[in-house]
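Shared chain: chain A. Partners: chain B in the first complex, chain C in the second.
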Partner chain A sequence: MTARAVPILLFLGLWEIVAALGFAPRDILPPVHSIAARAVALGTTGELGPNLLTSLGRAALGFVLATCAGIVLGALMSRSRAIEVFVNPVLALSYPIPKPAFFPLFLIWLGLGSPTHVAVIVTGCIIPVVISTYNGARRVNRHVVWTAQNFGMGPTRIIWRVVLPAALPDIVVGIRVALTLSFDMLVSSEMLAGQTGLGFLASYLGEGGDYEGMFAVVLMIGFLGFFADQAYGALSGRLLAPYRD
Partner chain B sequence: MSPSTEAPDGVARIEIHGVTQTYRDPRGVEFDVLAGIDLTVEPHEFLAIVGPSGCGKSTLLHLIAGFIPVTRGRIVIGGRPVEGPGPDRGIVFQDPALLPWRTVKRNVLLPLEERGVPPSHREATALELIRRVGLRGFEDFYPKQLSGGMRQRVAIARTLALDPRVLLMDEPFGALDAQTRIVMQEDLLDIWKEQRKTVLFVTHDVREAVYLADRVAVMTARPGRIKKVVHTRLPKGPDDLVETAEFADLCNDIWTLLRDEIPDRRSFAQ
Partner chain C sequence: MGHSVVDSWRHTAIRMRRAGPAIVRPLTPFTAVILVWQAIAASGAVNSYLLPPPTAVLSRLIHLAATGDLFADTALTVYRTLAGFGIAILVGASIGFWMGTSAFGEWLLGPVVSFLFSTPKISFLPIFILWFGTFDGSKILMTAFICAFPVISACHSGAKDVSRLWRWVGQNIGMSRSRVVRKIMIPATLPALFTGGAISLPFAFIAVSVSEMMSGGGGLGARMMLSARFADSATVVAVIIVLGAIGVALSAALTAARHRLLRWDSTVDTVVA
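After this line comes the complex of A and B, so read on.
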C-alpha cells in the first residue's frame, strides 16, 4: 500500500514542477496545490459532499447487483448446457459495445436519475463477473464434484458449497475488474446527462471554465477507485491464502 | 433384503451382473469399454482389480459409485440396485479431491454435516478419524500445507466419515512415491482389519494388489473383461508377508496373466 503510494506522490510532484515551470497556461495544467485547495473549497461550499455520496451509492449498488447477478448467471451457465448456449453468444455480442451506449435506452425505460446510472454500471460490470465465474466453475475438478455427490449433496447445494468456493480464485479476479469498471461506468453515465454525481460535477465545472475544480473531481474519482482496489486486493489476498500453493 | 447380501453390521455385498459399458467416439462410432463384467465382492472382502491402462477398471468403479449410468447390466449393493451416487458407497480417487478452503478437520466434517450427524457428535467423530489415519496435530492445517500422502490420508478419513457400506478405491496410492505408498498400504490394511468393510480396490500395481487383497481380479485390455480371479490372502502377518516365496509366486502368476494384455507389448510382438 505505502509502496504503491510512492509512484503516485512522485507523479503528483512532477506535475507540480511542470506546472510551476509555466510551459502550459494555468487553465490547461493547474498546479497540484491549487487543485487540492479547490477540492477543499468544493467540500466546504457543499458542492462536493452530496454529489460524492450520490455517486458512491450508485457505484456500490451497481457493483453489488452486478456481482451477485454475475455469479448466479455464471454458475447456472456452468451447470446447464441450455443456459450456456443461450447466454454465451449474447455475452459475446454485448462485450465490445461501450456500455454508455445503452444510456439512451435506459433513460427511456427508467427515466433520468439513479436507476439509469445503476443500470449502466450493472450492464458493464456483470460481464467480467459472469465470464470469470463460468470459467472458474467449469474448471472445478470432476472428482471434487463427484465426491460431493457421493456425500448425497444435490445440484444446488453442490453449486453453493463446492463449485463456487472452488471457483473463488477465478471469481475474485472478475470481481476486481468489475470494481474498477464500476467507477468507469458511473462517471461515463453521469457525464452524459443528469444534475447529480461526480461525473456531472466534473463536466459541469469543466464547461464553466473551472479547470481546477474539474481536475479536483477527476483526481478524486481516480483516488476513490485506487483505494477501493487496494482494499479489495488486501481482502481477497486474505480470502485466497488457503488456495495458493 | 436377503441376509446374504449384507452382513449384520451393515457392510454390504457388491454384485456386478453382465455390465457392458458403451461410449461413442467423436465420429459417433460406438465402442465398448467394458464387455460383460460379472463379479461379486462378498461382505468384508477386500478385492483388488488389476488391468492394463484403459481397460475400463476405473470406469467400473465410477459405475458402481453411480457417477455415470450403466449402458447394460446391473450393479447391486447390499441388495439394492445402483441408481445414482450415494453415501452407502465411499470413494477415494487417485487425487485427494479435498476442498482447499477447508482445513483438515473441516474437510472430514463435511460428510458428517451432509449426513445430518448431530453437531455434538461431529467434532468427536472427525477428530477420531483424523487420529486414526495418523494426522493428529494437523487438524487445523489446510490441504496445501500437507504432503501428497497426508492429503490422501485426509481423503481416506473423509470417506470413512461417511461410514459407507462399501469402499471403492481408484488407484488411491498411484500418485505417491514408493516409500509413502508402502506405508499407506500397511496403514490401510490396519484400518480395514478393524472395520472390515467391503473394499473394491483398483490398481495397476500387482504387488500392491497381492499385498492388500483377499482376491485379485485380472482384467483384459479394452474392452475390459474379467480374465481371471485369483485368491491371494496369505496366512501371514503383513510385515514378513512380502518376503515369502508364496507372495513372489502369486505376483508372478498375476503378472503373467496381465502381461499379455499390455497393449504396447502386443503391438510390439506383431
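After this line comes the complex of A and C, so read on.
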C-alpha cells in the first residue's frame, strides 16, 4: 500500500511544482495546496456538507433499489420462461442506449429533484445486476435444484435458499459494476440540472470562476467513488470467502 | 396441376408455421410494449406530454429526418464518439502496452490507473470544459479520457500475458528487439485491445451524450436537452431510439472488425457485454 502510494505522491508533487512555480496559469491548474485549503473552506462554510449528504443519499437509494430489483428480476428470469422471453428483448433493446439519455425524459416525468436523479441511477445500474444474476442463476447445478424440490422446497424457497446463494459470485461482480456506474449516473444527472448535490456544486463553482473549489469537489467525487469501490471489494472478499476452495 | 398448387400452399403454410415462431417470438415483447403504449396514450389516461404515443414519436422521427436535422445531429454525435474512442484506443493501447512490457511503467502508472479506473470520471467534465472550451475539444477529450481506462487495463494484462516462449522463439530465430515487438508482442496483445475497446465503447457513448447535454453545441444530446426544455417529449423519445440504434450499429461494427482482423484468434467469438 505504501509502496503503491509513491507514484501517486510523485504526480501530486509534480502538479504542485508545475502549478506553484507558475508554469501553468492558476485558473487552468491551481496548485494542490490551494485546492486542499479551498476544500477545507468549503467544508467549514457549510457549502459542502448538505450537498455531500444529498448526493450520498441519492446514490445509496438508487444503488440499493437497482440492486434489489435487479436481483429479483434476474432470478425470476432464470426460473420462468415467460418472464425471460419478455424481459430479454427489452434488456437487449435498452442495453446500447446511454442511460443518462433518459435524464430529459425523467425530467419531464418526475420534475426537477431527487426522484429524477434516483431514476437515472436505477436505470443505469440495474442492467449489470440483472444480467449477472441471470447468468449466475442459470449456471446453478440442476441436480441441486432437483434435490431441493425432492425435499419438498417450494419455488420461492428454492430461489432464496438454493439459486441465489449459488449465483452469489456472479451477483457480486454485477453489483460492483453497478456501484461504479451509480456514481457516474449521479454526477452526470446532477451536473445536467438542479441546484443540489456534488455534481451541481462542481459545475456551479466552475461556472462562477472558483476553479480551486471546482477541482476540490471533482477530486472529492473521485475519492468517494474510489473508496466506495475499495470498501465493496473488501466486503465482497469476505462474502465470497466460503466459496473459495 | 391443381393438386400440386394446393400442395405447395400447404407446404408454404407449414413452412411459415415452422419459421413463424422463430421470427415472431423475439418481436412479441416489442409489439406488446408498443401496443400497450399506444393503447394507454390513445385512451387519454395519461397526458400525451408525459407519454407521447408511438405514432407521434414515429412522425416526429420522420419529420426530423425530412428536415435533415436528424442526420446533422447524428453525424456530429457519431463523429465525436469515434474521435474520442479512436484517441482512447491509440493512447490507451500505448500506455497499457508500456505498462505490460516495462516494470518501470507498471510501477509508475499502475497505482494512478487503478485509482482513476474506479472513480466516476465524468465528474472531470467541468475541468475539461475549463481546459478545452465548450466546443468539440472538451467533448472528444472527455470521451477519450473515460474510454482510455478499460483499454489501458486490458492491454496491460494482455501484453503481460503474452507467452514468454513466443518471445524466446522470436529471439532464437534471430529477430531484432523491435521485430519481436512488431511481429509477436503487438499481434498477441490485439485480442485484449479489442476486448478493452468493446468494454469502453458504451462509455464513449455515455460520455458524448452527457457532454452534449451539458454544454450543447449540436448533436443528439443537445437536441434532447433543448426538446426537454420546450416540453417536446416526442422528440426526446425519438432521439433515445436513435441513440439505441447507433449503439447497436457501433458495437456490431466493432464485432465485425474483430472477426476480420483476428480470424486467427481462438477467442474471436467471445462475446463481451
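A few notes on this one:
Here is the rule we use: the second predicted complex is superposed on the first by the 227 of 245 C-alpha atoms of A that agree within 3 Å, B and C clash if a C-alpha of one lies under 4 Å from a C-alpha of the other, contacts with A are read in each partner's own complex, and residues count from 1 in each chain.
Following the convention adopted for this analysis, a contact is a pair of C-beta atoms (placed from the backbone, for glycine too) under 8 Å apart; a residue touches a chain by one contact, two chains touch by 3 or more.
The shown structure was predicted, so the numbers you read here are calculated from the model rather than taken from an experiment.
After superposition onto chain A, the partners chain B and chain C occupy separate space and fit alongside each other.
Residue contacts after overlaying the shared chain place A:N150 against chain B, while chain C stays out of touching range.
Judged by the touch definition given at the top, the superposed model places A:N141 against chain B, while chain C stays out of reach. Vertex at chain A: the C-alpha centres of chain B and chain C lie 90° apart in angle, rounded to steps of 10. Comparing chain C and chain B on the residues of chain A they touch gives the larger count to C.
Look at A:T133: by the touch rule set out above, it reaches neither chain B nor chain C. In the superposition on chain A, A:T196 contacts neither chain B nor chain C.
Using the contact criterion defined above for the overlaid structures, shared-chain residue A:F226 touches chain C, although it does not reach chain B. Once the two complexes are overlaid on the shared chain, A:D184 sits against chain C while remaining clear of chain B.
When the two structures are aligned on the shared chain, A:S114 is found in touch with neither chain B nor chain C.
Taken over all C-alpha pairs, chain B and chain C come no nearer than 11 Å in the superposed arrangement.
The contact sets of chain A with chain B and with chain C never meet.
On the side of chain A, the complex with chain B involves touching residues 141, 143-144, 146-147, 149-153, 162, 165-166, 168, 242-245.
Within the complex formed with chain A, the chain B residues making contact are 62, 65-67, 84-87, 89-91, 93, 95, 97, 99-101, 110-111, 114-115, 142-144, 158, 162.
Remark: chain A residues 4-8, 10-11, 27-28, 85-90, 93-105, 107-109, 131, 180, 183-184, 186-188, 191-192, 198-199, 202-203, 205-206, 211, 214-215, 218, 221-223, 225-226, 229-230 touch chain C in the complex. Chain C meets chain A in the complex at residues 25-30, 32-33, 49-50, 107-112, 115-116, 118-127, 129-131, 202, 205-206, 208-210, 213-214, 221, 224-225, 227-228, 231, 233, 236-237, 239-240, 243-244, 246-248, 250-251, 273.
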